[in-house]
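Shared between the two complexes below is chain A, which pairs with chain B and chain C, respectively.
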Partner chain A sequence: MSTKVINIADDFSTKPYGRYPEDGDFNGERFRNEFLIPAIRDNEKVIVDLDGTRGYGSSFLDEAFGGLIRESVFSFDEVKRKLEIKSKFESYIEEITSYIQEANDNLSG
Partner chain B sequence: MKKTHPEDIVYQGIVIRKHEKRRLRKRRNKVKTFVRSKKNTITAPSILCLYSKNKIYNSTILFIKKFAKEVVQNKKKVTIDLSNVNVFTAAAALCIYAEICRCKLLRNDKGCIKLIKPTNAEIKEKLTKYGFFSYSCLYADEDKEISTEDNVIPCMSGEHGDKYIDTVLDLINEAAFSGDIPEFTEQTLFRSLSEAMLNVWHHAYDGDFVDKDEVEKIGKRWWIMGERIDNQLYIVIYDRGAGVPVTLPKKYKKEMILSVLQKISIMDMNDSNMILAAMELGRTRTGKSERGKGLQDVRRFVEINPSGTLRIYSNKGEYLYRNKSKEEITKNHGLSIKGTLIQWNVKIH
Partner chain C sequence: MVRIMNGWYVILNISVVIVGWVVLYTNAKRIATRAETRIILNNVLEKLNTLRTSATEYWLKEPGELSNGEVVFWTQKTLSELQLIDSSLQLLKRRNMNFDIINLFVHLRQQVTFGCEYRKKKSQEPDREKAVKLSESTHSIIEILEESFLDLYAPS
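And then the complex of A and B:
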């Protein structure tokens, strides 16, 4: 089973910022399209390590992770099965889980 | 027709001048909040504060309006005389600083406003630390090195948070935490500041509500400053956008706004209640998960600070939340702050 680890600070940016490309170079949409989608598509397990950045705004997290469902890239079940979030701050994990759940709830209904 | 004698003209001139003098005297007596003592010199009231009673809030806003009108509409060079100021609080300082910056950008003339410093040594020192006299409103844009002094993050301004968030965090770390900011605190500051800046970028200067020529000249600009007082770091961020009461109905349907207000027994969509609605909409699941989290992000961190206070001014509305009492207070002023100002404090461990 292939596992891909993405460390946002090392692989993407130490200051991920904003939702859309016009917000900044290291926005949530770009992270989703260039890192998350290929990783989830090509691997059975994807571990996203959030540690090492200066922080995360809710816009970045919602667009990157909630957007996986909102943009109908993957099913809720597939994301749930493949994606694992790692952070020393439990609140980020809960938050990302809620964005994915919320996006799915809105899509279903 | 009666021929006018040259002496009559002189006499008429004297009468007109007398009338004019009387009119000006009456006007001077009437408007006591600021005085135009010399040509193009506008004297600030002795108290510049937004936190106080209506009368002081109003005189502060009137003073800002007055010098801006002279510079922007009447295209005059103005000297702002701060010599009588003996109370000057942070939010008012940032608003005035921002307005000076805006005037200079709109006129494209850095010399269109001059300042006479306060005679009160304490206020003068405080404003110097804030960067008030360095005419540095474009600090961040000009890539100049910004230094901090004695627990103060000086007034600075920028358009795009992405470019400045690092600088702002470094300044905060240096000024308030002696370079040793705890990781969790940095994470919370990054989050609240980045979302506040992003809100300005996405919503505040919406082309449907603000003068496009003005936005062309000043940009989608925010102004920020901060100060450590004892074990609390106070941060103030301000924008000159359309304001929450104007932009909220574009983001959410009127029925949705009314419905959240009705849940807390409010029927009136005045400016302060619109701020309250923005807070509520950020808290509840609206089906529009991508919206309205900016203010909530700030409030969440106020809620983990036992001495946390969140103040939001937007147009004529004021919202105050004190964590200690868990009380939300709203108030409407007679005059608008012309934009949105958010102030909150973070505990320094």
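And then the complex of A and C:
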């Protein structure tokens, strides 16, 4: 079983910011398209390590993670099965989980 | 017989001194721990109040009042502060303060940062509702933290 670990601070940026490319270079949409989608597509397990950055805004988290479901890239079950979020801040894990759940609820409802 | 009694008397005296010392030491340690926890808590409360003021002012800005650079600067500064507060909250938990504010904190971060990148747009009117809600969330967090401190260190 292949496992991919993405450390956002090392692999992407220590200052992730914004939702769309017009907000900045290290936005949520870019992270989702260039890092998350290929990793989830090509691996059985993807661990995203959030530690080491200067913080995450809600727009970034929603676009990067909620967008996986909203843009119909993967099913809710696949994301739940493959994606693991790692952080010393439980609040980020909680927030990301809520965006994924909310995106799924909106699609189903 | 007198020698035995003297022996017991000495042991009793030493025991009383040791027990007294342990009581004093434990009490002093508790007072010092309480004071340290209070300092960390005050620091968190101050950061929360500063965040509330800064975020309220930010969301009440008039259209076009903020440049792109100011928006980026404010957002990144605020994200760092939120993370610092989160870190201090964990520290308080490690010091045995018992509270569950994850959902409230997530809510606060959403109210402060969700869509904050778009304040640079001229069409963005002041968001009074958001300002009120984030202020209420901060207030609720402060209240829970104060209560938790009082639960742990009841006033004597």
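Brief remarks follow.
Everything below uses one rule, namely that the second predicted complex is superposed on the first by the 109 of 109 C-alpha atoms of A that agree within 3 Å, B and C clash if a C-alpha of one lies under 4 Å from a C-alpha of the other, contacts with A are read in each partner's own complex, and residues count from 1 in each chain.
Going forward, contacts are C-beta pairs under 8 Å (C-beta built on N, C-alpha and C of every residue); 3 or more make two chains touch, one makes a residue touch a chain.
Note that the coordinates shown come from a computational prediction; the quantities given were computed from them, not determined experimentally.
After overlaying the two complexes on the shared chain, residue contacts for A:95 are found with chain C alone; chain B is out of touch.
Touched residues of chain A were counted for both chain B and chain C, and B has more of them. By the touch criterion stated above, A:15 is placed in contact with chain B and with chain C alike.
Applying the stated contact rule after C-alpha superposition, one finds that A:40 touches neither chain B nor chain C.
Applying the stated contact rule after C-alpha superposition, one finds that A:24 touches each of chain B and chain C. Of the two partner chains placed by the overlay, chain B and chain C both lie in contact with A:62. Residue contacts after overlaying the shared chain place A:48 against neither chain B nor chain C.
Residue overlap on chain A between the chain B contacts of one complex and the chain C contacts of the other covers 15, 17-19, 23-24, 54-59, 62, 89. Of all residues in chain A, only 15, 17-19, 23-24, 54-59, 62, 88-91, 94-95, 98 touch chain C in the complex they form.
Chain C makes touch with chain A in their complex at residues 72, 75-76, 79-80, 82-83, 86-87, 90, 102-103, 105-106, 109-110, 113-117. Within the complex, the chain B residues that touch chain A are 160-163, 165-166, 169, 184, 186-191, 194-195, 198, 201-202, 285, 287, 289-290, 293, 297.
Those residues of chain A that touch chain B in the shared complex are 15, 17-19, 23-26, 54-60, 62-63, 66, 70, 89, 99, 102-103, 105-106.
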